[in-house]
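Since the structure comes first, as structure tokens, the remarks are kept for the end.
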Amino acid sequence: MTGKNNNGSGSSVRPPFKSLRKATYEIIFRADSTAGKVFDVILLIAILCSVIVVMLESVTTIGLRFHQVLYILEWVFTILFTAEYALRLYSAPRPARYAHSFFGIIDLMAVVPTYLSLIFSGAQMLLVIRIFRLIRIFRIFKLTRYLGEARALRTALAHSRYKISVFLTVILSTVVLVGALMHLVEGSASGFTSIPRSIYWAIVTMTTVGYGDIAPQTVLGQSLAALLMIMGYGVIAVPTGIVSAEMVLSKKMEVRTCPSCHLADHEPDAIFCKKCGARLGD
Amino acid sequence: MTGKNNNGSGSSVRPPFKSLRKATYEIIFRADSTAGKVFDVILLIAILCSVIVVMLESVTTIGLRFHQVLYILEWVFTILFTAEYALRLYSAPRPARYAHSFFGIIDLMAVVPTYLSLIFSGAQMLLVIRIFRLIRIFRIFKLTRYLGEARALRTALAHSRYKISVFLTVILSTVVLVGALMHLVEGSASGFTSIPRSIYWAIVTMTTVGYGDIAPQTVLGQSLAALLMIMGYGVIAVPTGIVSAEMVLSKKMEVRTCPSCHLADHEPDAIFCKKCGARLGD
Amino acid sequence: MTGKNNNGSGSSVRPPFKSLRKATYEIIFRADSTAGKVFDVILLIAILCSVIVVMLESVTTIGLRFHQVLYILEWVFTILFTAEYALRLYSAPRPARYAHSFFGIIDLMAVVPTYLSLIFSGAQMLLVIRIFRLIRIFRIFKLTRYLGEARALRTALAHSRYKISVFLTVILSTVVLVGALMHLVEGSASGFTSIPRSIYWAIVTMTTVGYGDIAPQTVLGQSLAALLMIMGYGVIAVPTGIVSAEMVLSKKMEVRTCPSCHLADHEPDAIFCKKCGARLGD
Amino acid sequence: MTGKNNNGSGSSVRPPFKSLRKATYEIIFRADSTAGKVFDVILLIAILCSVIVVMLESVTTIGLRFHQVLYILEWVFTILFTAEYALRLYSAPRPARYAHSFFGIIDLMAVVPTYLSLIFSGAQMLLVIRIFRLIRIFRIFKLTRYLGEARALRTALAHSRYKISVFLTVILSTVVLVGALMHLVEGSASGFTSIPRSIYWAIVTMTTVGYGDIAPQTVLGQSLAALLMIMGYGVIAVPTGIVSAEMVLSKKMEVRTCPSCHLADHEPDAIFCKKCGARLGD
């Protein structure tokens, strides 16, 4: 759809240029044509390989032995992705809009760290951000289906954002208070050396992660910890209930309205209105 | 609304005094006017800074080096908050009611620990209770929206309080019984030195926190622990289901209002008001 | 209700005896009269104290110092509870039925361990089973309300027992298979010394408890563990979903049927049918 | 039903042979007749015993002492199950179809490891796959009920597969990114020796398992870990909400059947069939 509106500053004067640009657009932005699909599949494989290269490099034994090979591969992938980014900027109907979109930023951040690593050693580890480019995978297989589901998830989360803010505020306040209390009660002997560190412990405990690197030793500290655990264990029911309620209702909304009695909640496969028996439209 | 009713003991005789008191009230209790908003934002920043000061003081390396600065800052914030508390008491239409309200108690507890620390060393760590004053933040951005959601959450939890009591009783009884059994089965060698300590372990295990500071070593103990884990893992479904059901139903209630009796909670497919029988609009 | 039917073998011939038995029944089984309420409150306090005595005895430092006091208290409580059990058996309209009921068995098990401890040392720790007697607490405050909620919970769980059986079978099979695989992959070096021990680890991991006393060290083992964790993390949604669905529907069932149009789902506070406007019965 | 269609290549010419095959089929594939039930119960006991033998063998102390007995038992069970598999292939109406079915593959995999153990030592541990044969247990007790529930579970999960794919992609991308960041921030000193190992840590943390074998030590690392924990703790609400919504709706569907077109899924308050418009009964 956006492909139709690119009657830009002077592109209508040069049809061959425009068609080349449009063909590029069709291949790298769309997955409808065979060429577009092939491009996407190759791109996904390249992304996956490049992420694996970054990971392997971080493993000391592999990183030392195959240092040169991995170094070259990293630059090959970076140059490839830089070229792809340039092509995307060139062929996008509205380059600025693409550059500011979620995928535009990810695409840029997927090449920048390699150049940065020339100045700051270690920056290349940020290349794993390329993994987010894999989200494009949904475009190849039944695009709209997945995007629809992702939108439904986002809507449900957006609808419950007020409730979740209230919930998070209560959780964070509790964690700060319990952290300070534990620092007072347990002291440095058990590892509660400061309030920030005790807050870290409270988060580890309340989210039921429980590393055990810091653990209360006194009876009072253990009682307080037990209270926090039971609270964390039970309180998870709140965000779960919020999201469940949103999901149940968003499911029920995907319906049609009866033309005769204006009843709104029919199931997707209903042909007649369940209340008055009138035939439903599509 | 409560601002209209403060025709107190003799305040109607002194209009200038009353208007000063009212202006103070508008600024520190309300967020409708610009002055009120500015006051609230400054207050929130001060609260946040004062909590950070308390936290920094608890970190040994920072606490020792900047001891004097942090000490002075703590007293500055305490004097500021004491003055604010006095002003609130002075300007509130019903001072006693404010003093006994949730925020009134929090506001008092946010200054007392500093004075207490003159007698009991360490009491100043309780100042983190100031973090709860941050809940006022919801007043600035879309007050009613957040309060409404908080009320909805509270209602859902209140409705399920009987079910949750039954659930908690079963959980706590189980934890006590399993704790005693584990003390018998494992004994002191694995860390189950007493029943209270074994109950602590049972809570750590059932809530799926799992520190690992105490862990069963015998086959029988590990079998019992495995049972407790599976129970804890599955049983979380119960409070979640309770709250979900409440949320789904409370969501369905908040729909249309009756034009005749102004009853608000009709279900989406209702045609007539369930209380007075009047026809509902769309 | 069952109190009316106790026209036993010959009790109708001796009215004074019957009334004594009935009065005893009213006091120890019911909480309607003042005497019954006082008895229940005293009983609950005694139960709580006796459980605390057992707990304190297990703490080495306290157990050694106050051994004699705690020993005497234990026997005092046991004799009191034995007398109470005898009275219950005597006054119950159908003694056999009481003896086989949930509370009858708990009441017996609350005294037996002390007598057993004369033969088997340590058996007195089983006295914590007395904690289950505290469930009687619900009888004092709004009995029916709590029992109704407990019944609703039990019904919801009973309805979903088939689904939960299928779920548990899948979980247990997975845990056995992964346990055996980990024993193969990791071997004894990381603590996976046998298949049963590896199954224990798999349960600790899948239920997200994660003690860390046994943890995979090899890359393959950690990959398998990561898969198990993600499965355990996601799969909790299944029992939660099952119970939530039951709760939502059991909530909606608590309704009445319209006498005119036979619509069944009205809210508890509806006075008129929401569809046809007819007045609903109680 | 499939038993009627086995008019194979020449089996109709030899009725006695056919009836023997059919009788074998009735006994080992069905649980309707007494013989079939007895066979199934014996089979389940044999499966359970064989799994216990494999488990016991893995426990060093037992495995060494009773090595010969367990070795012989293992081969006895393997030969028994091989014979049973041969009989199933022989009597199944469509042998190829059985061989490719879920249970056909499990049945084969339940005997192969013993033969493999002659070549690869340790392969016999894979025999625990026999545990999956226990799923047949549902056939004996109320087959259809359990299968129906299992199908309902499968349908609910299948319906939410798109949403769950989107959810898993986000989770995995987050885990990879956080893993790389932690490797950068924490370095090898705290155990974050490589990106794959840091990703393993991120999974352990986000799923709230929390072994504690790897744990962040720096302030920045602990802050990042705290964020990941809160995310993992809250985000579990998403799959739970998805499955709950599916369950609630699948529950509502299984209500009444249309007398005219036999459509089964009407909502509880429907008066007319939504497909053909016929009036529904109560």
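By written order: A, B, C and D. Residues from 1 in each chain.
Here is the rule we use: a residue touches a chain if its C-beta (ideal position, glycine included) is under 8 Å from a C-beta of that chain, and two chains touch if they have at least 3 such contacts.
Since we're looking at a predicted model, the values are computed, not measured.
> Trace the shortest sequence of touching chains from subunit B to subunit C and report its length in steps.
1
> Can you list every chain in contact with both subunit A and subunit C?
B, D
> Same or different interface residues for subunit A and subunit B, judged by whether over half of the residue numbers are used by both?
different
> Nearest whole angstrom, what separates the Cα centre of subunit B from the Cα centre of subunit D?
The mean C-alpha positions of subunit B and subunit D differ by 43 Å.
> With centres defined as the mean C-alpha position, give me the subunit C-subunit D separation in Å.
Roughly 30 Å, centre to centre.
> Starting from the mean Cα coordinates of subunit A and subunit D, work out the distance between those two points in Å.
30
> Would you please write down the residue numbers of subunit D that are in contact with two or more other chains?
If we look for residues of subunit D contacting two or more partner chains, we find 196, 208-212, 232, 236, 240, 242, 244, 246, 248, 269, 271.
> If every chain is a node and every touching pair an edge, decide which shape results: line, ring, star, complete or other.
Shape = complete; every chain linked to every other.
> Quick one: which bits of subunit D touch subunit C in the complex? Just the residue numbers, please.
Of all residues in subunit D, those touching subunit C are 51, 54-55, 58-60, 122, 125-126, 128-129, 131-132, 134-135, 137-138, 145-146, 148-150, 152-153, 156-157, 164, 168, 171, 196-197, 200, 203-204, 206-213, 232, 236, 239-240, 242-244, 246-248, 250-252, 268-269, 271, 282.
> Which positions of subunit A touch subunit C when the two form their complex?
Residue positions touching the partner: 208-212, 240, 244, 248, 275.
> Show which residues of subunit D lie in contact with subunit A when the two form their complex.
Touch list, subunit D to subunit A: 162-163, 165-167, 169, 172-173, 176-177, 179-181, 183-184, 188, 193-196, 199, 205, 208-212, 215, 219, 222-223, 225-226, 229-230, 232-234, 236-238, 240-242, 244-246, 248-249, 265-267, 269-277.
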